[in-house]
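Scrolling down, you'll hit the structures one after another.
After this come two complexes, each holding chain A, first together with chain B and then together with chain C.
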Partner chain A sequence: MFLTFDHVTKFYGPVIGVNNVSCRIGPGITGLFGANGAGKSTLMKLASGQLRPSQGTVAVGDRRAWSTEAKRHFGYSPDINSFYEEMTGREFIYVMARLYGLAKADARARTEEVLREVGMIDRAGRRLAGCSHGMRQRVKLGQALINDPPILLLDEPLSGIDPGGRREISRLLLEQGEKGKTILISSHILVETENLADSVLIIARGRIVASGTLVEIRALLEDRPLTVEIVSDDARQLAALLVAEPDVRGIELRPDSLLIRTRNPGRFFSRFNDVVASNQVSVVKLQTLDGGADAVFNYLQQGPR
Partner chain B sequence: MGINNAHYYGWQGKLHSPWISTLSIVRVALLQVFRRKSYWVVIGLGVFQFLSFWIVIYAITQARLPANAQRDLYEVFGFSPSPEPGEENGYIAFMQQQSVVVMILLAFSGSLLVGSDFRMKSLPFYLSRRIDRRHYIVGKLLAVSAIVSLLTTVPALLLFLEYGMFTPSVGYWRENWGIAVSVLAYGAVLCAVLSILIVTLSAYLQRVAPIAITWSSLFVLLIRLASYLQDATDNNYWYLLDPWRDMRLVGKLCFGVFLEQEEHDIAAWAAVILAGVCAVCLVLLVRRVRAVDIVE
Partner chain C sequence: MSLLRAWITLVWLSFRRLLWSGSTLMVLLPIAACTLFILRWRFRLEGGSFESFNAFSLFLMFAFASFVVPICAVAYGTASIGGDREDRTLLFLLVRPVPRPLVFFAKFFATLPLALGLVMGAFWLYCQLAGEIGALAYSLYLPAIFYMTIAYVSLFHFFAVSFRHSTIIALIYALFIEIVLGNLPGIVKRVAINYYGRSMMYAAGVPEGLERPDAQWFEPISATTSAAALAGITLVALLVALVVFQRREYTDLT
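Then we have the complex of A and B:
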């Protein structure tokens, strides 16, 4: 089942939450990344039908996201951490099942299934007030799974979880993705779900600034500034050769390496090969330092300088 | 990858109407209130008051007290089981006294029942389900109404049943069935007014202290103000500023029993004022129940 945003704009009075967003999210795991205030939560709330767009449409399959019928098809986990402290995990998920519209017997059965699925069955009787952050995340995930929805919308599902718990939740999400569910995960830390998401949407100032796999996005940025670390036996000579290159913006000489800041990585790399070959300079190691997920995200979020 | 190719099958069970889901909101709210031991101090006051009336009725009907002793008891408790025009109506008096207990309970539980949803931003748990804000608002109003009813309407009906039970025949119930209807009507007024006021106030103020202070000030200060303005102008219509009096007057309208003609004259105005205040509060409440807080 697909989640479709078609020229969606949302205003909060004079403030614009998301601005002319169009995208189609299908089965598999999609990461939604953006800084705080970028519009992630607004997009999630539009997707989960809690908000109606000021312009454009959000559709779940062929239904408007805010319709009761569309809500049958998704589970949503918000990014809050304190909720119903006096309830146990089991009670909370049961209440959510009843709110969803399940009959008593079905709600009870599904609650137990879901608790087992998220690994909380042995701690389900514990009050939420006494639950760790990771346990709460599992309970939240559990309530989102209560109707076994084809679409899962998870707002910061991995935040504050220890590495062990993160692995378990990631495994669970991958399993759900493999079942063919459409999963949209929002995060402000790209590395957190870098290995989890099949594709990513990067949002900044209410606009989708990039979409695709991280590799694809990085490829699009070939002509964007990049820092390259070069380990060479003759770093000083190499620095002297490269400083004359027009695409080199700056050079930092370190005890055993060089840091090159380039304006245009594509042109730089093709010139670099020529320089090294013609001057017979040995290069031990060459790596890009800010080609990782966070650098891509930071660049896109801040925009060209 | 198409959804069918992935062999995915969603929930196949039958779902009930979103309006039925509002009952879950009521259930959770009642559990939250009755689980708190501190609230039982206030609920205990209500139970004590109810038992006092229960014992008075028992004493009057079973202990064969002399007529003057019966009259004294009636006067102390303001209770007349089958009031005539000009007599104090016992059921109104009882429900009015119980609603003071309800007011105290709601002052402290408003934050728990409604305010915490806004303070902890847990509204999305509700609004992302198959319910929308209409269902949420109705659910919360019903939850507060259930608490109000459990402390006012239900015990008043029990007193009505008790009095009929202790009389030699079922004649009391047959002759005074209108009292039961009036109790239900007055109960509905209390439920509507108190629930709409406290849910709106809690949605905006959210925390216990501001809610409790504003809620009690609303009643105490307005009583004082009404009294002061009435003294200054000698105009009884100023009493309409007092919400307790308004509710009592509407209650008397439901029972059709007034001590004075003047009360009868302003009762309709009291109903209009309460309806207006409730309408304004409902508009404010609908505007408040949104998925996103706008931070300026």
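Then we have the complex of A and C:
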């Protein structure tokens, strides 16, 4: 099932929250990155039917996200840390299951299933008021999964979870993605989401400034040099060979390595292989320093120079 | 069927959370204070005499109907949706496949038995403690108290869906608009629910010996008109609240 934004604009009075956003999010995991105030939360609220677009349409499948019927098809885990604090995690998820109209027995069975999935089965009897942030995150995730929806909207789902828990939750999300669910994850933990997401949406100043896989996005940024660190036994010779390459925009020679700034990473790497092979230069290590999600995100936030 | 189950779950959830909330404590305090006042006062009553009935009626009008009833209605009327809104748990309800009008009515129908139960229970208790005149007052004033309670609860539901800090606004309304404006001379008092409730009480009590108020300060209207006005306020408040709740984007929840 697809989540579709079609020329969506949202105003908060005179302030624009999102500006003419169009995108179609399909099965798999999509990461939504954006700085505070970029429009990330507005997009999540529009997708979960909390807000209506001022212009354009947001659709869950073929239903408008604001409609009651659309709410059967997504699960939403919000960024807030509020619950019915007097309840236990089990009670909370059970009540949410009942709000989908499940009969008591079905709701109980589904609650246990979900608690097991999010790794809370042994701690679900604890009152939410006394639960750690990580446990509360798991309960939030559990209530989003309770109706086994085809679309999952998760706002910062990994925040506050310990490293072991993150691995578990990441595994759970990957499994859900493999089942063909459409998962939109809004997150500031870029590195982790980078490993999790099949594709990313980067939002800045209310607009989607990039979408696709990180590699695709990075490749599109041709005017942004990529920095590559190369550790070589013969760094000086390698520098001399690479300086003539048309895609190399700068070289910094260090005692045991080279920093190359290249305009077109794809073409550069292809040429680099040829240069190294034909001149038999040994390369100990090669890594891109700013090709990850953080760097791409920062580039896009800064805008064109 | 599944929608009905979801709705009943929501009514029960809201009822249970309201019952075991700070709201219950908040209303038990003035109710207990009035109980102690009546117990002390009863020693001075001369059961069934004109003066006692008059005094007890005035107590019901000015302490109970003008203070305890609105406080009960504020406590539960605003807390049902306003509490969820302030705690931001309303979000968990709004993303479920339950139509918003049903969410609203679930909240309303969870609130009503609590508010009515406490108000009517307290009213019955006071009348029992007052003896014979209490029994008379109970039969005469029951409809007025009933109509007032429902009107207040509906109005405060409207506040809850419309304003973020609805409890504070409702308290200001109950303690300022209702008490001050409801007692001003002229027609300004007609903005107050209290005016219609008291009109109903005067209409029922005067034939039984309740002293007629000074017309310069308070000119009651007929019981039928008052009841119609209270029913009208109830319906309009509910309808407007329903429309607001259906259309409103609660941007303060996340």
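Here are some notes:
One rule holds in what follows: the second predicted complex is superposed on the first by the 238 of 305 C-alpha atoms of A that agree within 3 Å, B and C clash if a C-alpha of one lies under 4 Å from a C-alpha of the other, contacts with A are read in each partner's own complex, and residues count from 1 in each chain.
Everything below uses one rule, namely that a contact is a pair of C-beta atoms (placed from the backbone, for glycine too) under 8 Å apart; a residue touches a chain by one contact, two chains touch by 3 or more.
Quick caveat, the model's predicted, so the values are computed rather than measured.
Overlap between chain B and chain C is detected when the two structures are superposed via chain A. Of the two partner chains, both chain B and chain C are touched by A:Y12. Contacts of A:G180 after superposition on the shared chain: chain B is touched, whereas chain C is not. Of the two partner chains, chain B is the only one that A:G26 touches; chain C does not reach it. Looking at the shared chain after the overlay, A:D62 reaches neither chain B nor chain C. Considering which of chain B and chain C touches more of chain A, the answer is B. Contacts of A:D122 after superposition on the shared chain: neither chain B nor chain C is touched.
Overlap of the chain B and chain C contact sets on chain A: residues 12, 41, 45, 48-51, 68, 71-72, 74, 76, 78, 80, 82-84, 86, 95-96, 98-103, 143.
Chain A contributes residues 1, 12-13, 15, 17, 26-28, 41-42, 45, 48-51, 66, 68, 71-74, 76, 78, 80, 82-84, 86-87, 95-96, 98-103, 106, 110, 143, 147-150, 153, 178-181 to its touches with chain B in the complex.
Listed in rising order, the residues of chain B touching chain A in the complex are 1-3, 5-8, 10-11, 13-18, 20-21, 24-25, 27-28, 32, 35, 120-122, 124-132, 290-292, 294.
Taken together, the chain A residues at the contact with chain C in this complex read 12, 41, 44-45, 48-52, 68-69, 71-72, 74, 76, 78-80, 82-84, 86, 95-96, 98-103, 143, 155. Within the complex, the chain C residues that touch chain A are 1-6, 9-10, 13, 17, 20, 87-89, 91-100, 249-251, 253-254.
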